[in-house]
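Got some structures for you, see below.
The following pair of complexes shares a single chain, chain A, combined with chain B in the former and chain C in the latter.
Up next, the complex of A and B:
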């Protein structure tokens, strides 16, 4: 039996036997099925994943005709992060002309709605100038980021400190007040960007501060959709399930805490979201086959119930891609192909 | 990483028809197959042509809907998006904004 080269969830190379590979694929899907109370992958699907990981080629791809649309979070910021000295508009031109981007996204370096609010006019001008010279549909992206609404960064008492003092009700009230402020900020900034001509708004990393964060994204989406019926809203998640930091928040009667992707997408649909971006976290101490099998199990369940397009998050540390700043092409291409083909995705 | 995904499973952006298919997801909420069918029908090409850069370069140049290496005098940027809205029969927000200002 030959040895198969693959990687751990932190990206480091590892050699596995065929039996080890099959074992990790089975364990990954079982873990997801157990946590999400969803169906595990079938024998045929696990064999398909085995064949992808057993492929001797460095790079694999989808079959022709099965390609999907790509959307990006914080695209221009990534070139800044790499210390490439280009303006954000040039960065987006590079994305659409040189990197094969199907959509482009403008975002501020803070990448949260709250800090954009006082400088929204400057951001609108950059967006309007971007629209003059680009062709692909343009999102404006930012995070709800409820963390910025608690002291010392924001106006409301810090729920984490209140919880330590046993002040549960006060902590919950703080989250609820933060939701109301965050919704106002998201609607304010998004309205400005849409009035300036943006094709869509990307609420990215939603739920990063738990169920209140997710609720803020949903409420803002609902208001924006009522205000602008033609607006495109992409709502991307922060993690695979909604952290119950408040614990009792509901949306249209459904408790948000603990929801996995297949339940989250139904909330997004109720809010009028156009494109949903689910997340499955990669575990760095488990192998990439384990992580990818697990991620596909969650996302497949989400796609099966979704009525809106699904763009899965497949950046560093999510969607079966290892948790490393420089994901290798061997594992990224395997994750990309398998996720698209097994889940019948609409995009990444 | 973005490049790995673009090559492994992306449609190719404006090298091909990826941006046009994306517009149908964004404006009409279409799932991927419906969006591809719609764009292929409007451009009068096959589904497989949508991701072929050679075929799509010709189609894009002929329709003036934006190309990677624009020829002198052809429509570019916002001008090309006016044509995209027309070809795909959709509203594009920034073009609607021009119309509302009485510029079209």
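Up next, the complex of A and C:
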């Protein structure tokens, strides 16, 4: 029986027997089903995944006609991170004209709404110049990043430190105050960029600082949607479930802490979000088949209940793709094909 | 009452985060002749380990863990009095931890600090953006068993490698266990820089730490 070449979640190549591959695919979906209290993948779906991993080709793709929209978040930052010395506008041109991006996104190197607020005028200028030389829908993106509202970066007491001292009420108050400030900043920056011609706003990595961070994204989306009924808002997540760092925050009566993608998307819909970007984290110590089977189980459950388009996050350390600075094409293409075809996605 | 029932009740009191119940069970189990060390390790600690597992799954939240930890501490205080003097006030281990210099991300590190404290470790949290020499100085000062570092970004994770080198230069590397964490860390990264292990999640960190300290 031949060995199948695949990778671990940290990108390292590994060989598996057919039985090992089937075992990891089954274990991955079972883990997701157990955690998310959702259905595991069917035997047919697991066989489909097996066939993708068993393909002898380095690169695989969807069949013609099954392609989806390819959007990028933080695109101008990523080329710089790879030490490619191009300006943000040129980077977006490269993404649109060379890398097949269907939407593009302008973002500042700090990539958080708070630091953009005092320089929003210069960001508007760059946005306007970008609009003149690109054609694809242009988002302005940043993170709610509630970490910037706690001391020493922000005005409110550091809830992590308070929690360690057992000061739970004080920590919760700090999170609640941070939500209010973050919402103001997100709405201010987003309004300015939308008024300058952005086709949409992307709140990226929402929930990175826990349930308060997610709440800030939802509240800001709600206000923006009321202010600009035609605005396109994309809400991308930070992790597979909402960390309960406050633990009691609710949105329309539902507790946010502990929500997995299939519940998160319902909150996003209530807030008026246009496109939802769920995330499933890759475990670097488990194999890519295990990670992908697990990720697809979560995302499929999300897509089944969603009434808005789903653009799943696929890349470094998420969506079944390994945690490496340069994700290998063999796994990235397998993960993308499987995710699109099994979950009926709208975009990546 | 059977031994297993005492242990189950102890674990349940922690899962319920019920301090009064935990104290009551501790007192009554001693009166019934239960081994205090067994009650701590296989009863109350089993409860807190389960809480950690539930936190990893998004079923328990950080404030709940803190309250459960208080319940555990209250029970342990009672049980410790029945232990021989040399077993009292024993810490699981002394840990120095921080986010490396240049990196201001401390939310994940804050979670692991809380989890380690909840599980009975003596934790010295240096905060974030911590110069490498501060890890070394603190490790010497508190006679640390473990030095942990967090880095969120590929641009800052080199600090974890510098920490390994600094501990070696200070003659501490063979005396401490080093652990690395953060969004971009992996098992491979830990091996590559010579760290003892990578903690993928709070629960994973606790298990690997326990394994190495025993």
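In this section, the second predicted complex is superposed on the first by the 348 of 348 C-alpha atoms of A that agree within 3 Å, B and C clash if a C-alpha of one lies under 4 Å from a C-alpha of the other, contacts with A are read in each partner's own complex, and residues count from 1 in each chain.
Here is the rule we use: a contact is a pair of C-beta atoms (placed from the backbone, for glycine too) under 8 Å apart; a residue touches a chain by one contact, two chains touch by 3 or more.
Being a predicted model, the structure only gives us computed values, none of them experimental.
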Message = After superposing on the shared chain, does chain C or chain B touch more chain A residues?
response = B
Query = Regarding the shared-chain residue A:157, is it in contact with chain B (first), chain C (second), both, or neither?
reply = neither
Query = What is the contact status of A:208 with respect to chain B (first) and chain C (second): first, second, both, or neither?
reply = second
Request  = May I ask you to decide whether A:12 touches chain B, chain C, both, or neither, giving the answer as first, second, both or neither?
outcome  = second
Ask   = Regarding the shared-chain residue A:260, is it in contact with chain B (first), chain C (second), both, or neither?
value = second
Request  = Identify the partner contact of A:323: answer first if only chain B is touched, second if only chain C is, both if each is, neither if none is.
outcome  = second
Request  = Identify the partner contact of A:65: answer first if only chain B is touched, second if only chain C is, both if each is, neither if none is.
outcome  = first
Inquiry  = With both complexes superposed on chain A, which partner does A:115 reach: first (chain B), second (chain C), both or neither?
reply    = neither
Inquiry  = Under the stated touch criterion, which partner chain does A:23 make contact with: chain B (first), chain C (second), both, or neither?
reply    = neither
Key: Footprint of chain C on chain A - complex, ascending   = 9-12, 35, 81, 147, 153, 160-161, 163-164, 166, 168, 171-172, 208-211, 241-248, 257-260, 283-285, 317, 323, 325
Request  = State the interface residues of chain B toward chain A in the complex, per the touch definition above.
outcome  = 1-15, 18-19, 21-23, 25-27, 29-32, 35, 47-48, 51, 65-66, 68, 76-78, 80-81, 84, 91-94, 97
Remark   = So, in the complex, the side of chain A touching chain B is made of residues 59-62, 64-72, 75, 78, 95-97, 99-103, 128, 131-137, 194-200, 230, 232, 274-275, 308-309, 314-316, 321, 326-327, 329, 332-333, 336-337, 339-340, 345-348
Request  = Report the residues of chain C in contact with chain A in the complex, numbered from low to high.
outcome  = 55, 57-64, 66-67, 70, 104-107, 109-111, 113-114, 117, 125, 154-155, 183-184, 186-189, 198, 200, 204
